[in-house]
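In what follows, subunit A forms one complex with subunit B and a second complex with subunit C.
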Partner chain A sequence: MAARALTRGLLGLRHSRTVTLTYSSGHHYATATSVESPQPQVDEYTDKILNQPLQKPDFFRVSELFSLKDLFDARVHLGHKKGCRHRLMEPYLYGCRLNHDIIDLDQTVEHLQLALNFTAHVAYRGGIILFVSRRRQFSHLVECTAKDCEEYAHTRYWQGGLLTNANIQYGSGVRLPDLIIFLSTLNNVFQQHVGIRDAAKMNIPTVGVVDSNCNPSLVTYPIPGNDDTPVTMELYCRLFKMTINRAKDKRKQMEILHGLSAPSTPSSWHE
Partner chain B sequence: VFPRISSETWFCILQISSDREQNLSYDMGPAKDKLVVGRIVHVVGDDMYVDFGGKFHCVCRRPAAGGEKLQRGTRVRLRLQDLELTARFLGADTDTTLLEAQAVLLGPLDGREPQNRD
Partner chain C sequence: MAASCVRTVGSLLGKCGNCSSNINTVTSQLSRRQICVSTALLKKNLAAAGPEKFTVEFIQKQVEEFDIGKRHLANMMGEDPENFTQEDIDRSIAYLFPSGLFEKKARPLMKLIFFPLHEAVQWGADGRPFHFLFYTGKQSYYSLMHELYGKILNIEKHQDRLRAKGLFSQDAKAIALDTSRWFTKEELEVLLVETISSHNYDRFIQLIERLLSMPYGNMEEEFVLQYRRPLEAQSKKQSVPVPERDDKGVAFSTSDGRRKTSNSSVVLRDGGSGRITVNGQEYLQYFPVLQDREQLMFPLQFVDLLGRFDLECTVSGGGRSSQAGALRLAISRALLSFLSEGEQETMRQAGLLTPDPRVRERKKPGQEGARRKFTWKKR
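Right, the complex of A and B next:
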């Protein structure tokens, strides 16, 4: 407001300096008020929408989506044989019975809750989520899951520069995913999927289901669990789908709720 | 941080040995020559993929006699050989796994009524 009055006064003076000032003020004159005045209201609005979910530990109540018994019934605890075990998965194993590794479901419950909570927050803020799995047996399931929650999936051959060379391969200004969910962290030759290393390079957080033969070190939110049985994969896909849909619905709900209560802001008209 | 149901720990559930088709019973012992009931989940020509509650399915060939009865969804009796086919090859760090179990197909589950497998 004060800036506008000042530039008006300077315009009247016809000083040589005002030439540049008029240009800059003329350039910004139309936009100055519309950017300045709603600024405090936009902050309050985003404060309610974006910061309020961060106050509670389980804002989206993801811990109600599953129980330990559900994981047991879906055979999440079954690992590979002892000879296939990865050294770094040993902390997540409950034990080994007759040469078969058993994954500790107490830890799986905690890790799954953390991962689902993080996924919900990313979806709440409108982040792009990419589902990746190189298991051909579950490729259709993963693609359908992604379609149902309006996110993206990549279950085909991963080209080398997909994330790291994206600006050249797909044009400049391409938006990379904000979260990558690996429903199986191995590729078809039992090596770690290239996407895990690339996502770590590009600062993209990852959620990954790590079986007893996988390397959990680069995954941001590992979920120790079985990744080979169809029942288990259906459980994971269902949980992720429910979380993402729940988070998106909550966002719409919060926007309507606060859009009605806040004074007239541009974003409320947009809704 | 998240509410924990202390009574429902992993240890408690493992004690409950369930011999439903969903999970193999834990007092089964070694898998060699154990009889289980499985369900055919996929058929490709002569090969049938049978799920018996373990981590992997097993692949059995359709027998010459009585093969038409065995379609997708049929329950069959199996004699397990191995729950996961793995072997350590020379020069490898870890075992190579075939992602499959091995079992011998004994025949369809006949309609003997007292079969409450719940």
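Right, the complex of A and C next:
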């Protein structure tokens, strides 16, 4: 929880750098509902477009995209066997039936809503979203999802310095992802994916589907749920695609509505 | 940066497009002190500015500057600026900047060389990369694999649909694969403009073989053929000498042969009785040794046409045996025009058409001969 508030604050800081150069100090979110700007004159663009979604708790109405029954039909509640259980996942489990862990879908609904809401806000502000999964069966599905939302995917071998050594690997002035979505937090040898630790090092918020054998501690917005069934993965991909597209369309709508456009790029995101 | 370097030489040449050409032309034999000074200054500036970003606008600007420089050069040489081709440019530069350097690539050059677009910046003004697989590091390779797998899934879906309708047939035609080979790893790297590991290459070949192994794999034929290089057939390389007819209507063919330091030329005439003339003399007189005469006759004996042809040979250089070998090669080559495809192939497999590459190996210092060392003395 503390990690979440911290990253929210950091996101606010990072976001503030992309705003026009008229004022130097950025926003700090205290709560999601009220935003205080230190300057008396607020930039019209910031007020109408950036602040307005923050007034309501579920501005993008992501809770309407799914219901508990949908999750149950997609077998999200099925975990692994009792022997594979991770100690830190015990709060998220409903129980254990014939040695199979059952994930509590009430908690999943809350966590999924928070994660989708966060994704929508990031997509609304034009952030880079990176989908990561190391499961070979769903690699093509994840890449297609990313292509459909015009975001990015990485379902291949993770080279060590992709996030931490980015300036040398890609060239200087590269922009790192603003959100990383892990559709499976484990890699092919059932160890935690390196990307979780690297994202935490680089202060990049993460959304991750954690199964009953995963470690949810470093993930900013964990979603306790199954990550092994094709039906479940298709559900997640569909949900993420819908939220991101919805957020981007909303952004275009708001810009047309208020007749404003984004300020000219200050290119201050690569400090 | 590079443009300002040339402004000092601007009075002479105008703006040359390529950076490398600038440095080359400037360090030419027109040693004017201000040019040397300006390049020294500029080298410091270049280091401070950092690597140039080869964006599309930059490339276009360089192309325009190159065209202007080309027109200036044409005016200087007194030629038509409209029809000034690259060969004219090379000729003019060689005339204006004569260089005695042996390494051709070190000489002054005025040419537009387009490096692969990998050097270009991969993201837009807002920082978002263009390609959806940018963060993998090897975007073109992985997008190729993604595309291939997508095609495999499509073919499987198509097969399932046909099976459901009952129209699935196993005897779909296979693509002809004997006349071509897969791209090598180096060729694939050139195509993708990226380095890939050998493991990646193996995976790529496995995936594309899997695509072809499916019954309806021939649907993606043209896509697959993009990644195959046609093999050059061995026997087609042999250029068969054209048989001509002389005044009396006799068909004859001429060909040459070489062995060690001997050169020979043979005219093979049809409708003769099997007489062989070497350098004006009878072959029995020129080659007293049986072994040499056997060498001459072997090609004809191999195809059972001993008594049909008249041979008129000329040979020079080398010794007795090498002259015989040169003549044998020349006779075999001349015979090709009178034979069918199958007989040509048998001759090639018998080794009659292969020139012998063995030449005398040079003597090395510190040794008595090419291989023989001096006698080793223990003390």
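Here, the second predicted complex is superposed on the first by the 217 of 271 C-alpha atoms of A that agree within 3 Å, B and C clash if a C-alpha of one lies under 4 Å from a C-alpha of the other, contacts with A are read in each partner's own complex, and residues count from 1 in each chain.
One rule holds in what follows: contacts are C-beta pairs under 8 Å (C-beta built on N, C-alpha and C of every residue); 3 or more make two chains touch, one makes a residue touch a chain.
Computed from a predicted model, the values in this text were never measured in an experiment.
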Partner chain(s) touched by A:Tyr170 [first = subunit B, second = subunit C, both, neither]: second
Partner chain(s) touched by A:Glu151 [first = subunit B, second = subunit C, both, neither]: second
Touching partner for A:Arg75 - first (subunit B), second (subunit C), both, neither: first
Chain touching more of subunit A, residue-wise (subunit B, subunit C): B
Which of subunit B and subunit C A:Asp58 touches, first, second, both or neither: first
Touching residues (chain side subunit C, partner subunit A) in the complex: 50, 121-123, 125-129, 132-138, 142, 146, 149-150, 153
Subunit B-facing residues of subunit A, complex: 57-58, 63, 67-69, 72-73, 75, 77-81, 83-86, 94, 97-98, 100, 102, 104-106, 110, 113, 190, 213, 226, 228-231
Residues of subunit A that touch subunit C when the two form their complex: 126, 128, 130, 140, 143-144, 146-147, 150-154, 156, 159, 162, 169-172, 174-175, 177, 265, 267, 269-270
Footprint of subunit A on subunit B - complex, ascending: 1-3, 5, 8-10, 13-14, 22-23, 26, 29-31, 41, 51, 53-56, 83-84, 86, 88, 94-97, 99
